[in-house]
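Please read through the structure below; I'll follow up with questions.
Chain IDs A, B, C, D, E and F follow the sequence of writing; residue 1 opens each chain.
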Amino acid sequence: MATLGLIEYRDAAPEVRAVYEDILEVRATDRINNFWKAIANDAATLKRTWESIKEIMRPGALDPLTKEMIYVAVSVTNQCGYCIASHTAAAKKTGMTSEMFAELMAVVGMANETNRLAAGYQVEIDEAFLHPFGV
Amino acid sequence: MATLGLIEYRDAAPEVRAVYEDILEVRATDRINNFWKAIANDAATLKRTWESIKEIMRPGALDPLTKEMIYVAVSVTNQCGYCIASHTAAAKKTGMTSEMFAELMAVVGMANETNRLAAGYQVEIDEAFLHPFGV
Amino acid sequence: MATLGLIEYRDAAPEVRAVYEDILEVRATDRINNFWKAIANDAATLKRTWESIKEIMRPGALDPLTKEMIYVAVSVTNQCGYCIASHTAAAKKTGMTSEMFAELMAVVGMANETNRLAAGYQVEIDEAFLHPFGV
Amino acid sequence: MATLGLIEYRDAAPEVRAVYEDILEVRATDRINNFWKAIANDAATLKRTWESIKEIMRPGALDPLTKEMIYVAVSVTNQCGYCIASHTAAAKKTGMTSEMFAELMAVVGMANETNRLAAGYQVEIDEAFLHPFGV
Amino acid sequence: MATLGLIEYRDAAPEVRAVYEDILEVRATDRINNFWKAIANDAATLKRTWESIKEIMRPGALDPLTKEMIYVAVSVTNQCGYCIASHTAAAKKTGMTSEMFAELMAVVGMANETNRLAAGYQVEIDEAFLHPFGV
Amino acid sequence: MATLGLIEYRDAAPEVRAVYEDILEVRATDRINNFWKAIANDAATLKRTWESIKEIMRPGALDPLTKEMIYVAVSVTNQCGYCIASHTAAAKKTGMTSEMFAELMAVVGMANETNRLAAGYQVEIDEAFLHPFGV
């Protein structure tokens, strides 16, 4: 299911089709994920989300695989079932090996643990951490 | 402050001192963060947490900088003030530039957004995502 | 399933039946949701939760539809599958159109994104925000 | 503080100034919040975030005050100190009275409570909730 | 600060004073926490919240100290600074030793870690867990 | 499913078998949960996680049942479906009655509610909470 149903290409309005076509081309794939078909019920959200993701996920100071693994880390921390599945698949496709996945999980788990130890022990921020970039 | 206070080296029991010395050596630094001084009130937690972090954060299938950035991504998602400050500083020291930091933030922000769009639209997981590693 | 099973009206103790009857009347419906049937295993929690929700969700300075949409916003942020489904249905029944739902999702997504940008960039609170109601 | 410092108008590059000017005009204000000054270190994120917020927060099927209150609901759920302060101030400016604020808090609190009761009792989604919009 | 200010006893309306007096008596204390003074701006929320907490936190199948430690566990997981401070103090007063606090933190940290490992590895629920109470 | 599949005893490497055997013995059970079979794809994570849990969950200043209930409290707050199911079953096995479970849920729900009231009303920490253990 999906709250408003899924919009298939054949039933889509022109501005939705245009986004679908751009997704297929940029990602060099032949299928549109349920995520896009679900938010396509709101053409403005579809377009804005896709344009943002396209801009953010392209190679820059960080490579696409690092970005996909960060996406997985956030999704796991948030317990988002759909996002864990879709971004793990995307990271795998971008080159994540099972060894990399396992290390990613280890770091995500540990960070979630120490985040609570730091909060629970009410640790004050060290002076040394205050201006990491010198500003 | 810190719930149980901070344990300084001079006041520490031998097993705590041993962990502090290992931290100083492995990290090639001359200071112990407040985090360690706070959890040092429980020598078992100090030792276990340090041994786990040492094992998890060492170079493997993922490099140390990628691991530190994943740590930042989790800490930001969890709104852990101490951890954001300490791991941003650590990532900077490991080689994260301000450009990398900015891209990291962009991915973390976007992932937190689409995590909620996926959940809110109640999107079902695509068949294609079910066995990313073929098992 | 449900941890302690679901309590049907015919099997319910008098104090549980009394709450069920009040729910049916106040909500002008002929069915009790699984949520109430599950927590009915603890009559005190059932009664307290229902009385609280009845008081909180009734028209006041905010109208019932706004309140239901806020409920959806929280449930989506928390990734609570049951609550997203039940409160989206409730909001729809209270008058939420698909256009309103789509805008609600857009705001929830964006807020979750900027919450992390603000935390990740460690932004200090502006003086101007400190006393919104002048006290 | 702020991880990369705050970019003031006088020190800003032309594309950052252009966004600042648009913010000042659209919001009919004479000050730029620290949030924008912090993310202005990444002109692409500044521009994308502002364009998205401008599109999402403008009057539509939901009015601006409802949108601001939803923003507060998410920020409170996420424990984002900066965002709670800034969006409570923004909601107040848009017309939120102290009575509306109090009811907003009551709903947010209650939703966070029942989200956990539903999850903890492992309640299954009612058939009746599956297709809220009939699709 | 506090969004709507703090309501002191001398300035409080009769129904707020009545709650304050009940808090002082039930808790055998001579001070009202800022939490109550802040939500006292909404007498209905003050009364409902106090009545609920009084009912929930009294000795039952679980003793008061166990309940306070569970409160700390939730507050730490949610990164709620105020709640961590207030409930750690309350648990201490109810009998929590520093050894108990340290073990509490260790469990909370570990649970937050394995919650993410379980989600990240997309582990399916074992048949054996489905009907813990046989219903 | 599980991202990397489940490792059964018969297919396991010696170091994984050794952990499985220790789990079976320490827990006096004859089955290995899916959680362990899933993370067994990474022998280092399996061993480290098991050793940590074994150390943390053993009787100490807190008894095993209290520890299991704290584990449930965290898992419910995080909306981790797998962990709620597995630790509710474990707590039941350790002696949690349905009355204890119901009170546990009531406390967890309430804590999640007041965590947001405290954050939303921007309540400042009382002086009295600052040094709970006098340090």
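The working rule: a contact is a pair of C-beta atoms (placed from the backbone, for glycine too) under 8 Å apart; a residue touches a chain by one contact, two chains touch by 3 or more.
This structure is a prediction, so every number in the text was calculated from the model and none was measured.
J.: Return the chains shared as contacts by chain C and chain F, ordered by label.
T.: Common neighbours, chain C/chain F: A, B, D, E.
J.: Between 0 and 180 degrees and rounded to the nearest 5, what angle rotates chain B's CA atoms onto those of chain E?
T.: 120
J.: Pick the pair with more C-beta contacts: B-C or A-D?
T.: Answer by contact count: B-C.
J.: If contact pairs are compared by residue number, which of A-D, C-F or A-B agrees with C-E in over half of them?
T.: Checking each pair in A-D, C-F or A-B, only one repeats C-E, namely A-D.
J.: Centroid of chain D to centroid of chain E, CA atoms only: how many Å?
T.: 27
J.: Could you work out how far the Cα centre of chain A sits from that of chain E, in whole Å?
T.: 33
J.: Let me have the rounded angstrom distance from the C-alpha centre of chain E over to the C-alpha centre of chain F, please.
T.: Centre separation, chain E to chain F: 19 Å.
J.: For chain E, jot down the residues that touch at least 2 other chains.
T.: 1, 3-4, 39, 41, 44-45, 49, 52, 77-81, 85, 88, 98, 101-106, 108-110, 112-115, 117, 119-122, 130, 132-133
J.: Which label fits the chain touch graph of this model best, line, ring, star, complete or other?
T.: Graph shape here is complete: every pair of chains touches.
J.: Can you name the residues of chain B that touch chain C in the complex?
T.: That would be residues 72, 76-77, 79, 81, 84-85, 88, 104-105, 108-110, 112-117, 119-122 of chain B.
J.: If we count contacts the way the header does, which residues on chain B are in touch with chain F in the complex?
T.: Residue positions touching the partner: 1, 3-5, 44, 48, 52, 55-56, 130-133, 135.
J.: Using the touch definition from the top, list the residues of chain D that touch chain B in their complex.
T.: Residues 3-4, 39, 41-42, 44-45, 49, 78-80 of chain D touch chain B in their complex.
J.: Touching chain C in the complex: which residues of chain D?
T.: 1-4, 31, 33-35, 38-39, 41, 45, 49, 52-53, 56-57, 60-62, 66-67, 69-71, 73-75, 77-78, 80-83, 85-89, 92, 97-104, 106-108, 110-115, 117-126, 128-130, 132-133
J.: Help me check something: in the complex, which residues belonging to chain C touch chain A?
T.: Going through chain C, the ones touching chain A are 79, 88, 98, 101-103, 105-106, 109.
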